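Below are the structure tokens for one structure; questions will follow.
Chains: A, B, C, D and E, in written order; residue numbering restarts at 1 for each.
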């Protein structure tokens, strides 16, 4: 509603609470966003804390359901949405996105001994994805008629129970699950996802979005981004076609920061 | 001890009351007059509308037409709740509250309507139970009582409110002769205390001995009314004669 | 038409039946004998255990001790469902099924227990309703009937099953004199047809005129039993004398 | 931005609704119906058995019924569905193949039965003993008396609560999602959620809600109508001020007496 | 792979459970209780008002109650919670600040009221008109008669169905999650769900289920016990074979007659 100029002065970013960035996130999607020992963490959230600090904002995280997240951002329940939200045209109608800060690989998990070795062999197979994720989007646009489950556990259960032939997962999650499965699940292939992920803002809150874009560039430049990449996605190569942030700052290499 | 202190007695008049349940015209111009402190017995075949007539008197059912008079004044525009506090009723099927003890059945209205304290209400209720010989059953639930015991509780419940008029719908049918006598004595007390009573009954002996007036109903009308002697010894209407000829 | 075709008549014996509800010893050694085709009336003060005694006869309540004999044979080890088909019962509170029409109340057992076809059952039920003067109410629900009408339906329902023994718990209390006469005629028919009957009643006139035996109960025992003339004219037990002295 | 208009856009965006409509009609609606109707039938049947077992005097029927009810009502539906879905998946795989519907319907029915059993039990237990005595005195066995006299009266008394449970079931059918669904197996709510997740707009979810309303409202009113028919003219009261609408307290009295119809005292 | 041992690992891993236990106890349990208890109280109160309005003869009470019930039962709970949470968020912000609990409790209560209202209505409508007549003949107004005589009997008849709804409410309290929760505001289910997500093992979810059981089972049995106490010795039947357990059909007869106690015919 109608902020008067006085209020605008001590709350330039039109936050719900001056000085505090209220961020909607998920509690159950590691390693991107999750809760550990009662604190919100994960790559996206740690990055957000760092970027917000550059702008002088403290972050307060609030867990919610992904299907509700973007409309809550739009309705100002939250100032920002942080949940590896992939930028899509449909979502742009509801919210504005900041600059992309992450990319994703898809991993193709299959039960041990499966004949499937690549993403091109999935036609006619029972392929499982987590609902509403980029993988879901990917499988659907490829015409795979995927089996949708609510969370990663659902997908793992499907593979273990033999009710699915393959799971398209975020690569790092797929790898972790395979590692944890005592050899029952293996990663058959990896593939880069096209669209970057970004923070979501209420439409028209350009001041906040631009400020955080700037903060993001700063944490990229100072090596925080690279460090968090290493921490949460160890050993994951950064593809040549991806540049985080506005693209105007140089990304220090992993070795330079560690 | 007399159940009710002397109350102002009132007379009752029912004037040309009509009532239909759908197509079933149950009351077709019923008339009844009961003088101050008098007892009227209503007799008549099953289904003739006796219970329905009682219900229209305290306006549990509103008549389609006709009038009900207390002391000559129509009550159809009165507040029905206040009216019913002045008119006690004992139902053919007792209508006790099954989820309350016998005592609570009686004290409920005393506390909530008469605004007596818990103690006063209990005391009064116990006295009433004593009168109907059920002091020992105060804490039982109605379901644990015999038919006659339930009926006596229903009577005690109505009398405890000290009404000016009492309506009994076959109130003595489940009572054994000893109790009938007790209830009659109670009624005589009430009568002496100025209570006006309407008693629906199938027991002609009962009607003969307690009634000031006997009214014979058939098909929703009072065909004949008068002193018991007149009704039982010199019935005029052929229908009444036929009815009485069946009496054991 | 007679309500029931001739059935094999049976005699009934109740031997030293005891029963307590918790601490309340309701039956304390009740005895009763009813000969083939005879009618016994049970009288006694309210709460003396009359209804409870009837319930033990068809084993709705199992006695704590004592025995119930049909034709001299104990029934306490029989299949109670089969037993109850031989014993009709009319309750003090009727116990009609409120969710069924009057007709269905009667046909239900005919169809399900007697395995009559729908048509046969309806025909028989209508005939029974005719006998109690309620042919016109076949399609009503019990809630739409007057007290006496409900009682007659309950009687018709029990009689339709052609029992060998009938138990009536104040079955005539809601009936007007004309109907009592009708029901009595029916009972006489039944009696002629070999029906053995136990009738709990408060109406001494009724007991006197229909009973072959009258049994007086008090505090859970039958204090005195005998022919009506003996009981009413020459009562021996002082309690019975006191009881009768109260009769109007 | 004006909060009201944001709210409006978020929930009542007709374009989003129009977009989701065809899939809801052709995919979601039939799937919801398949799940809900099968589970309602099976759940009500099992619920009736549970109710009967629960009032039995045989400990060996009563106790298992009690434990079953406590467990299946107490556990979160998601956990139960997962437990059954995962636990029985190998078995299900053999019998039905990978289709999650049979196991889903089974799980939904088992949960619904626990709730419905309690509802039926309440109804049956509220029927007067006089009715059972009346029936048994005619010679009906306990089972016949229950079936022909007690249960029909008891169930009628709790029809609205039973409808509650059917409505809850229609909505719970969305939980089979935990077992993994093909796009063509998604029901109404899931389709709405997917649209909400993909667009950040809740209108499709609200559209799913409207579909639910289109199922539940007629159901409610049909059952109410049947209920009223069964009471047949005995919808009756002794009532306060009246504007002549339908009636309130049912005259389903165990020991019925004449009821006033539309002659209510004020 | 042995399916049974998979099942066991997935759901009954004691290590996972032990890990989640402290947070469930200190955070989840109190939050679930706050949500469920407040919503149960408010929802039952509103439900009673709805039930009374629903049997009123005044159309202007009956119709709104009907529409309210249809809508709030029919919509998916998630949609209702979001609608209220988002729609009233600006208002809530002003009154309570960013805490989602007040709005969440409000939404849960509004939903529960629709269900509870129907349950109470069923119970009240099953009370015999004779009871209302009996009370009104004593001089009680319609309202007094309802409050003192009809409602207590009616509610008692549907206590188990009401418990059903309270249990559903305890579990539905997890839906406030849709409104966004701080870590310290999460209730049992959410904590279980988060652990499950982080460990790839459902045991924490099952632990949440056990907590629910620890709440719902005593609740059920407490209410059953109260119910039985209220019927006081009138838990009674005319019953089949008996092993001497508690009783079955209540003797809550409108027109009571002597009931046999433990003297059941066979």
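Following the convention adopted for this analysis, a contact is a pair of C-beta atoms (placed from the backbone, for glycine too) under 8 Å apart; a residue touches a chain by one contact, two chains touch by 3 or more.
Not measured: the values here are computed from a predicted model.
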Each chain counted as touching subunit C and subunit E at once: B, D
For subunit B and subunit D, chains touching each: C, E
Cα-centroid distance, subunit B relative to subunit E, in whole angstrom: 45
Chain centre separation in whole Å, for subunit C relative to subunit A (CA means): 82
Cα-centroid distance, subunit A relative to subunit B, in whole angstrom: 81
Multi-partner residues of subunit D (each touching 2 or more other chains): 3, 7, 10, 82, 86, 89-90, 129-130, 133, 136, 141, 193, 202, 205, 233, 238, 251-259, 264-265
Where subunit B touches two or more other chains at once, by residue number: 21, 51, 55, 60, 80, 84, 91-93, 143-147
Contacts with 2+ other chains: residues of subunit A: 1, 68, 71, 75-76, 157, 161
Residues on subunit E engaged by subunit D in the complex (per definition of touch): 3, 6-7, 10-11, 55-60, 62, 69-71, 73-80, 82-83, 86-87, 89-90, 115, 118-119, 121-130, 132-133, 136, 141-143, 145, 150, 157-161, 163-165, 167-168, 171, 174, 189, 202, 205-206, 208-209, 212-213, 215-217, 220, 236-245, 247-257, 259, 264-265
Touching residues (chain side subunit E, partner subunit A) in the complex: 1, 3, 6, 10, 23, 27, 78, 82, 85-86, 89-90, 93, 98, 177-184, 186, 190, 193-194, 196-198, 200-202
Contact footprint of subunit E on subunit B as seen in their complex: 55, 58, 60, 80-82, 84-85, 87-89, 91, 93-99, 108-109, 112-113, 141-147, 150, 157-158, 161
Residue ranges of subunit C in contact with subunit B within the complex: 21, 43-47, 50-51, 92-93, 144-149, 152, 169-170, 173-181, 202-206, 209, 242-244, 246-248
Interfacial residue positions of subunit D with respect to subunit C in the complex: 130-131, 133-141, 144, 148-149, 152-153, 156, 230, 232-234, 251-259
